[in-house]
Each structure stands twice: as C-alpha cells, then as structure tokens.
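The following pair of complexes shares a single chain, chain A, combined with chain B in the former and chain C in the latter.
So, the complex of A and B:
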C-alpha cells in the first residue's frame, strides 16, 4: 500500500506540476519577451554608445550616466517631474478621497455618478490634453473668458508664460484624468469598512472627524497606498499632457519628454535608455516607500 | 444608575411604520431582554436607544432627561454588537481604551482601568493581541470589555452570543449575567433565543410586529402568557392549542373539547357557544390508554427520544399535538393513545381576541 503510493504520487505530482507550468507559460512568455527582455537589453545597451549618426557601438561604461548627471536640461526636467509628481499625488489623493467619501454617502444612483466620474479616465490622454489646451488658450479659451466675465481678470492671460503656472495647469490636466482611478480605489476601500465599526466609534464617543482619523483612515490605508503608488508612477511617466501643451519647452519638460527628445530627436539612443532607466528606478523607489510603510503599519486580516 | 423610559415611541421608514407607539420603563440595574421573531423591531428598538436610529414620534428619556436629540456619543450608553465590531487595526488594549482615549481621560488612568476590566474578563494575557488573533469567545469578551471599561449608564447587547458555539454560549450566558449583577448596570439584551432570555433576564419584553405583546418576569410569561402569541412563542416545544366551545347549557359553564367537558371559570361576557382556545404545554401532558374516560384520543405520528425526554408528535383529529414525557412508555408510530392533563395546567384564550381568559 505504502509502496504503491510512493510510486504513484511522484508521477501524479509531476503531472500536476506540468499542468501548472502550462498554465503559467503564456504569461511568462509575454512578460519575458515584452517586459523583462527589453529591460535587460536596455540596461546593457545603456553602457554602450548607440547613435545612428555615429559609426560603431563602443562600450563606454557609465559615461551616459555621468553625462546625465551634468546635463542642465536633464536637471531641469527632473525638477519639473518632481513638481508634477508632488502636485499630482497630493491633488489626486485629496480629490479622490473627497470624491470617494461623497460617493460612499450617496445611497441612490451611485453607479451613474461613478460612471460619470470615470469618463475623464476613459478619455485618450491626447484628446484630454487637446481639450484642455483649448480651455487654456489665451485668445478664445474658456478659462480666460470665465475669469474675465467674473471680473477676476482684466485682460486675457497667456497662462504658459509663467513656469510655475504652466506646471500647475499641466498637472491639473493630468489630475483631471487620473483622479477617477484614485477615487474608485478609495471607494472600494471605504466600502470594505464594516458599518458597525462606525457605529461602535459613535457610541465610543467619536465625532465624525475623530471617527475618520481613528477608524476610517487606518482601515483604508491599504487602498491609499495602492492609489498613491499608481498616482506616483503615472505622474513620473507624465508625457502626453506635457508634450501636447508645452512641446519641447524646457519650462514644462518632464523627464519622459526629455527621454523622447534625447533618444528620438537627438538620436542618442543609449543616452535616452539610461535616462529612462533612472526614471523607472525613481518611481519604483518612491512608490516602494508608501507600500512598505503601509505594509508595516497594517498587518491585519 | 439609570432608568430608561420609552413613551409612545414610533418609528417609520418612509410610509412603513415598524414600531407602533411603544411604552416601556426599564428600571435601574434591571436586566431586560427584548425577544421576538426576526423583523419584530427588537434590533431597531435597541438601535433607537443607542441613538443610531432617529425616532419618528414619542419620547425616550434617561433618568428623566429626554434624549431624543442627544447624539449617540453623548448618551453614555455602550453597546455590544452581534459581530463584536472590534477595531481590527487596534490591539485588545487599544480597543478597550478607545472610548477613554476619545474622552481625554489621562493615560495614567486608562491603563489601570483596562487592566482591571481585563482581569475581570480573563483577558490579561491578550492585551497586546489583535482581534484577528483571538477566538470567537475572546473577541466576545473584548467587546464586553470595551463596553464595561467606560462605566456607562446602560449596556445594550445585540444578540451577542449568536456567533458562538452552543457550549460557549451557555458559558457566556451565565458570565454575562453574573457580571451584570456585579456591576449593577441597567442592561437591555436583544435575542431571538428564548432560553437566553429566560435564564438571564429580570424581565422579558415579547415583541411582535413592532408592538409589545407582554412584559413580565420569565416564569410569569411561561405560567401566565397574556395572549396566544406569547403562549406559543415562549416554551419549547410550543404549547398545544385546541379549539373548544363554551357550553352554558348546564348549571356551571363548561368547556367542550370533543368528548371532553371541563368546568371553567368563564367571564359572564362570554356567550354560550363562544370559541375558546385551550392551550396545554407538552410537558403538562400525561398519556393513558385510548378510550380512558376524560382522555383525548391521539394518533401517534412520530416519537423522538432526546435522552432525558421523549417527544411524541401526534394528531387529535386534525390538530397537531406534541407531548413531552419523562418516562418511556412502550409506544409505536400509528398507535392511538389517550391524552390527559390536569385542568389547572390548561390555559384558556378567547379565540376572537387571542387574549387570555
């Protein structure tokens, strides 16, 4: 009996393991060929000089990275991206949390409101940016018209003349598009908090502010970390809005726009690769901070 | 020290009224159970007292002060929820100290208060654990501890034992009762389990469809149910009911039930031929041979031994009959037996009103 089992079981396990392998194979192939392989070749290529305008592809070590550190345009782009990330994450999180809290209170027609809220997120980023470009237009734009008819502005303003204002307005367009996702993630988190906990908190003597701070916030922190990570990653990768509204202007140039300019306008391929790797690392590190922090603080079921 | 009074209390959800003008006074230190089938309004009533639901009309007062518009957090009432509602992100210590922290009690006072209550409930060794690390019974105790540590005016319990297994339920039942006696805090306990209500309460409120059917001490409800609803609700298996008629043709009024004639003390208002419901509890029935004088013939349909007792299910004509016997007569399904009871054990109800005669 024991013997037959010892003979039968490994065969059975082998069969099951094979089946398991077959199941994971497609995703391994897709991820491997479309994500990991390109990532590895990008890392390797970033140590070579790859430039179609120059002969040969010599190994140059970390020269690309050293050059990047000294590149004035890259430094300004990092500054712009940092501004985008900070403003976008703050605005998306606060706005998304507000929207989620409101939607969580709505009893009837929530699905319709939710659908309406999601629309900007479904819009292609380029379309979204072009619509907003019209709104911001100095001569016929909606923003100038509204402000002037309200008497808040005397003459039309060219919004992108000021670097700070330009960065803020571009961030706003990005926030407009991405906030729904944050809102939906946080709404899901809010709905997973049992109603009895709020009732218990009420009876324990908590007003709405304290109940939010001591019960709601800790219990949605998992969702908050996910929402903030995705906000961070998408803000680091901000391209469409900056490119459509600011083009190659250094005042609004994000790090990904800089990657595009280096690689495909100046045709310094490996230089662009090195920069894109740094951008990826930066967004990874920042979002890791939230995730680890939240993971440490909320080890519950 | 708290007396709670409900005066002509009404509660509607839109056009649907769920509590219809309810009056109840709960005395200081009393343990009172609200019992009734699902949807009878018992949980709603508890939530109204907690302040989690508004009332549509009437008054609710605590120690003579009307608290209709007082927020839950200012009522000084603690509640133990059915699923405990422990804060999952806080340790047992922080769960129990939550309300004290919110009330800005100094830290130096919170810790001893928690320790004292934890000792009372046997939770001293679990203070640093999270709710998810505790068993159902321990969570139940933490929920109680969270209520006790505040020293509130009133405890509310919303079916607190329904998530525990049978053995633990029996144990917690007596623990809660003895704890409440020691603390002397006015307590309102919602349950659908009549055994819990009978064993724990000073008084029981039987609710049905948003109205009070009867309020009384547990044995009063059992011995003198005020109406047919209470008669069949309290006691398990439920009381047997027989349709009978009042006969005033003789010198003294009699109750006619098949061949049986029982002398009764009927009020003069009841006319000859009035429909009477005769109730007799299964445990007050004795069996004898079929055809014995004064016995109701019953055909046995099923026999269930429960160990200590024997449940016999049968029919008198079309009326189902249950008898609980402590001895073990030789019976088989299909037998016809005679059924007798002491006249004093019979409960009589006016069929038209359902009220006790």
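So, the complex of A and C:
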C-alpha cells in the first residue's frame, strides 16, 4: 500500500488527516456511544446490583457471578446452548460442505441454484420459526403427515414433549437459516483451489475421495475455520427461533433467552449483564479455538 | 466412449438428485407457508394432508388488508390497522438504517483505505472486532441509555441501534471493495486538480457501486429480520415492526396459522425480491464479508 502514495503528492496532503478524521467521526460517535460505552458499562455494572425495581445500586463484587454459578435455570440454559451449538455446527458444516461441493460441480444454472439456497438466510428468523412451528404442529403439521403417510409413524407425535427432540427441531430451523452462509463461504474456498491440483492428484491415481481428503480439505481449511466460527457465534446467540418456538420454557431456553428473561422480565439488569458477558466470552473463546487450530495446521503443511 | 457415457450416468443422476434435495430443503418450507396462506381454516385442520390447497381462499389476506371479513361464519375484525403500522415501521427503520449505514461506511471505509490519520488502524480493528460481539451483550446498558435519552420506541433510537450493529460489516465490505480499485484513476483526477471529496464522489463511488449495493442489501436484510432489538426497544405500534407483531397473533385466543403464514409470506416478499433481482450482489457481498 505504501508504494501507491509515492507517485503523486497532492497539494492537499496536510488536509488528509483532517479529512480522514472527519470521515470516521460518525463511526467514532455511533460505535463509541452505542457499542463501546455500553460494553464497558456491562463489565463495570456486572459488579453492582442494578435492579430497576430496587432502590440503590450497591457494589456487590462478584456476587452476580457466584449466583449465576449456582442458578439451576442458568445451568440448564448453558446445557441447551451447548446442545444447540454442537448440533448446529455439525449440521451446518456437513450440509454446507455438501451444498458447496454440489454447487461447485453444477455448471448450468449455478447462479439460480445458489440463489435458491441463499433464500432461507435472507428471511426474518421469526417468520422462519413460525413457518416451521406450523410444520411441526402435532395435530395438523406437515411433518407428522409426511411421516405417517410414509408409514414411519403410527400416530401423530407431539414433538416438543421430548426435550431432546425439541432442541433438535429448533436447531434444525436455525440450521435451515444459517447453512447457506456456510455453503457460500465454502464455495468461495472451493473456487480458489487450483484445477491443476486435481489433475495432478488424478494422474497420481488418487480416487475422488482421496483427492478430496488430500487436496480439497487442506486447501479449504481456512474457509472451514471461518464457517465454523461463524456457525458457533450464531448458534451461541440463538434467540429468535428458541423464543418463538419455545418461549420461556426451560426445555428450550438458550443462554440469550435466559439473559432476556433475567433482564427484561425479572428486571435484574446487572445479573443479566454478567450472564451476557459470560456468553460473549464463551462464544469468542470457542471460535478462537477453530481459528488457532486451523492456523497451526495450515502452517505445518 | 461407451464406458465413459455409462460412467457419467450415475454421477449425473446423483447430482440431479442432490440438486432436487437442495431445492426442496431450501424452498419447500416457503412453498408450504404459501400453500397454507391460501388454505381455508377448515382444510387447515382436516386430517387429510393437502400439498395443494383443495380450495383456494384469500380470507387470511383479507383479514390483513380488509376492513372486516367472515371466517367460519363469524365476522372477524381485520388486523389491517396494526399490520399496516408494523409494515410501515419495518420499512422505515430498515430503509433508514440502510441509507445511514451505507453512507457512513462509504466515506469511513474510504478513509480507512486511502487517507492517513492518527489512530486509523486501531480504530478499524476495534470497530471490526465488534462483529464478534453480539448485539445482545450491550443491550441492557443500551436500554438504560435509550431510556435516559428518551429514545425508546422512537425511529431515531431504533435506527441508530441498527446502524451500530450493522456498520462493522458494511465497513469491512467497503474496505475490501476500495482496496481492489486502482489508485491510478484517483491520481489522474488529482493531477487534473480535482479535490479529494470531488474525486471520491464523482470517480470512486460510481466504481464502488456494486460494493455499495451489496452492503445495502446485507444491511437491509439484517434490519428487516431483526427481532430482539425491536422486542426490547419497540414496545408499542409507534415503532413496532412486523417481526414483533406477527408472533403476537399467537397469543390471541387460538393460534391462527393461516393468518400467521399469510403475514409471514408478506414479510418475506422484500427479501425474496432482493434475492431474485440482486442475487449477484448479495452473493458477492456474503463472500467478501466472509473472507479472512
């Protein structure tokens, strides 16, 4: 980038810094006041007791965090979120990889197949959840109807009666929305793999599975890491689907639903802040793990 | 030649099957919502599954648009007053957030790429790093801030929150766009005596148009689909968007799936139009947004 500046030295070079600052001033104001300031406040306030319904805001140290550790509801929410994350990352990565490999092979009409795949990502998650809730409806839903007409089910099932099934079905709606993103990231990665490598692998007698393992997989590992960390962060912050399909039910309550309930229904602001902070840290740490692992592995090759 | 044709037959069939599977998975639920929205309440609760409405009805849409309508012999109050207000709110906040975000990102990203000023790199890293911070993390203090500013349930408040949430992605996108533009064009303009701002507006921005469109689409889709922010910050119909209104149809006497699917179909029209007409920009935006 440095060499680009040397050719012409505009006379207005002195104004450059001023102009740059003027251009980024709106960013500083908006991000500073609506993201960074609240973020700092979240950290600080989590050490105080801030409940809008109670007088005073005393410093209580790590009491919020200690309470969180002993809160049964919070523990169950962590478990649910863990289940969401594991299922979502696995399904999105496998499904997205399959879709990307397919799209990479399709020559005619790829643009339209890609468009069709992207549609679920573009829709409001709330609408997705409602549409799927109707599909899952125990009495008149499409899922029961299809399974029964295929002979796989004798009687209609109330899907959300079972916690595990409920978690899986909510995850499926989330996967329906987020898989296209994984697919697109991996398609971009696949398209950057040089064709000659496949030719060389074929000449060396490698079958398609072996070529995939030895050529494709290492070369798209960067894309995989990005896709998986995106999946992780989004699944960690799953709210819309869980809230629409399960409401405040403990069986499906994600950690962000718990934050929402703590802060805006039980009106325990600083308790919610402490929990939202922990959720953010957890999702950051997990996604960093992918990035670091892939970084290390690709460096060794 | 013969073996080759036979060898490629199976993969071709498998590929076709996979394409069909992907299409059914992606579009099937949307078709189902569409079919449901045109099915009579009686057929919705029939024991026989219908993959196509046996009797096409527009009564669910009539309840959304009309004055009042007749359903199962009863006159049903229309939800048009609420629906239209929420539709307007969704459009206004999403469009305002889109315009503001793209405008700020267009100039800001240019500064990050082409202008040198103190704190440039650290500011860019800080702003882009917030992409990893979900909006929910800062929502509680933001709520208290908005209350103290009197901006709860106002267009300005909602729009600004959207901008703060979607600006980092737009900045990231626009920076990659500017980085690929050759600087020689700008230098030629400067030699001709054009100023920085004139060059940016008349030469750089037109060249960056595809990137600007991609940033606008991503921002609009994100804002249009937002749920938790308006759930907290838009308690009344003054700013309540469709995403918050539509689920409220559940909490009435019974779950009106016909109405909800009809409202859902209407709510997905703008995103679907964007995919149909601008999917090239959308996909390139998603790809650029996901790099590195």
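Just so we're on the same page, the second predicted complex is superposed on the first by the 268 of 301 C-alpha atoms of A that agree within 3 Å, B and C clash if a C-alpha of one lies under 4 Å from a C-alpha of the other, contacts with A are read in each partner's own complex, and residues count from 1 in each chain.
The definition used in the following text is that a contact is a pair of C-beta atoms (placed from the backbone, for glycine too) under 8 Å apart; a residue touches a chain by one contact, two chains touch by 3 or more.
Small disclaimer: the values here were computed from a predicted structure and weren't measured.
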*Fit or clash for chain B plus chain C once both are placed on chain A?*
fit
*Touching A:218 in the superposition: chain B (first), chain C (second), both, neither?*
first
_A:134 in the overlay: touching chain B, chain C, both, or neither? Say first, second, both or neither._
second
*asked:* Applying the document's definition of touch, where does A:26 land relative to chain B and chain C: first, second, both, or neither?
replied: second
_By the touch definition at the top of the document, which applies to A:79: first (chain B), second (chain C), both, or neither?_
neither
*Give me the angle at the C-alpha centre of chain A between the C-alpha centres of chain B and chain C, rounded to the nearest 10 degrees.*
90
*Residue contacts with chain A in the superposition, chain B compared against chain C*: C
*Between chain B (first) and chain C (second), which does A:45 come into contact with in this model arrangement: first, second, both, or neither?*
second
_Quick check on the superposed model: minimum Cα to Cα separation from chain B to chain C, whole Å please._
6
*Touch list for chain B against partner chain A, complex*: 50-52, 71-75, 77-79, 81, 83, 85-89, 98-99, 102-103, 130, 132, 146, 150
_Complex contact set, residues of chain A against chain B_ = 194, 196-197, 199-207, 210, 214-215, 218-219, 298, 300-301
*In their complex, what parts of chain A are in touch with chain C?*
4, 7-8, 10, 12, 15-21, 23-24, 26-28, 30-31, 33-39, 41-42, 45, 98-99, 102, 105-106, 111, 113-120, 122-128, 130-132, 134-135, 137, 139-140, 142, 145-146, 149, 176, 180-181, 184-185, 187-188, 223, 226-227, 230, 233, 236-237, 239-240, 243-244, 256, 259-260, 263-264, 269, 272-273, 276-277, 279-280, 283-284, 287
*Over in the complex, which chain C residues touch chain A? Could you list them?*
15, 18-19, 22-23, 25-27, 29-30, 32-33, 36, 44-46, 49, 104, 107-108, 110-112, 115-118, 120, 123, 126-127, 130, 132-134, 136-145, 160-161, 163-164, 167-168, 171, 183, 187, 190-191, 195-197, 221, 224-228, 231-232, 242-244, 246-247, 257, 260-261, 264, 267-268, 271-272, 274-276, 279-280, 282-283, 286-287, 290-292
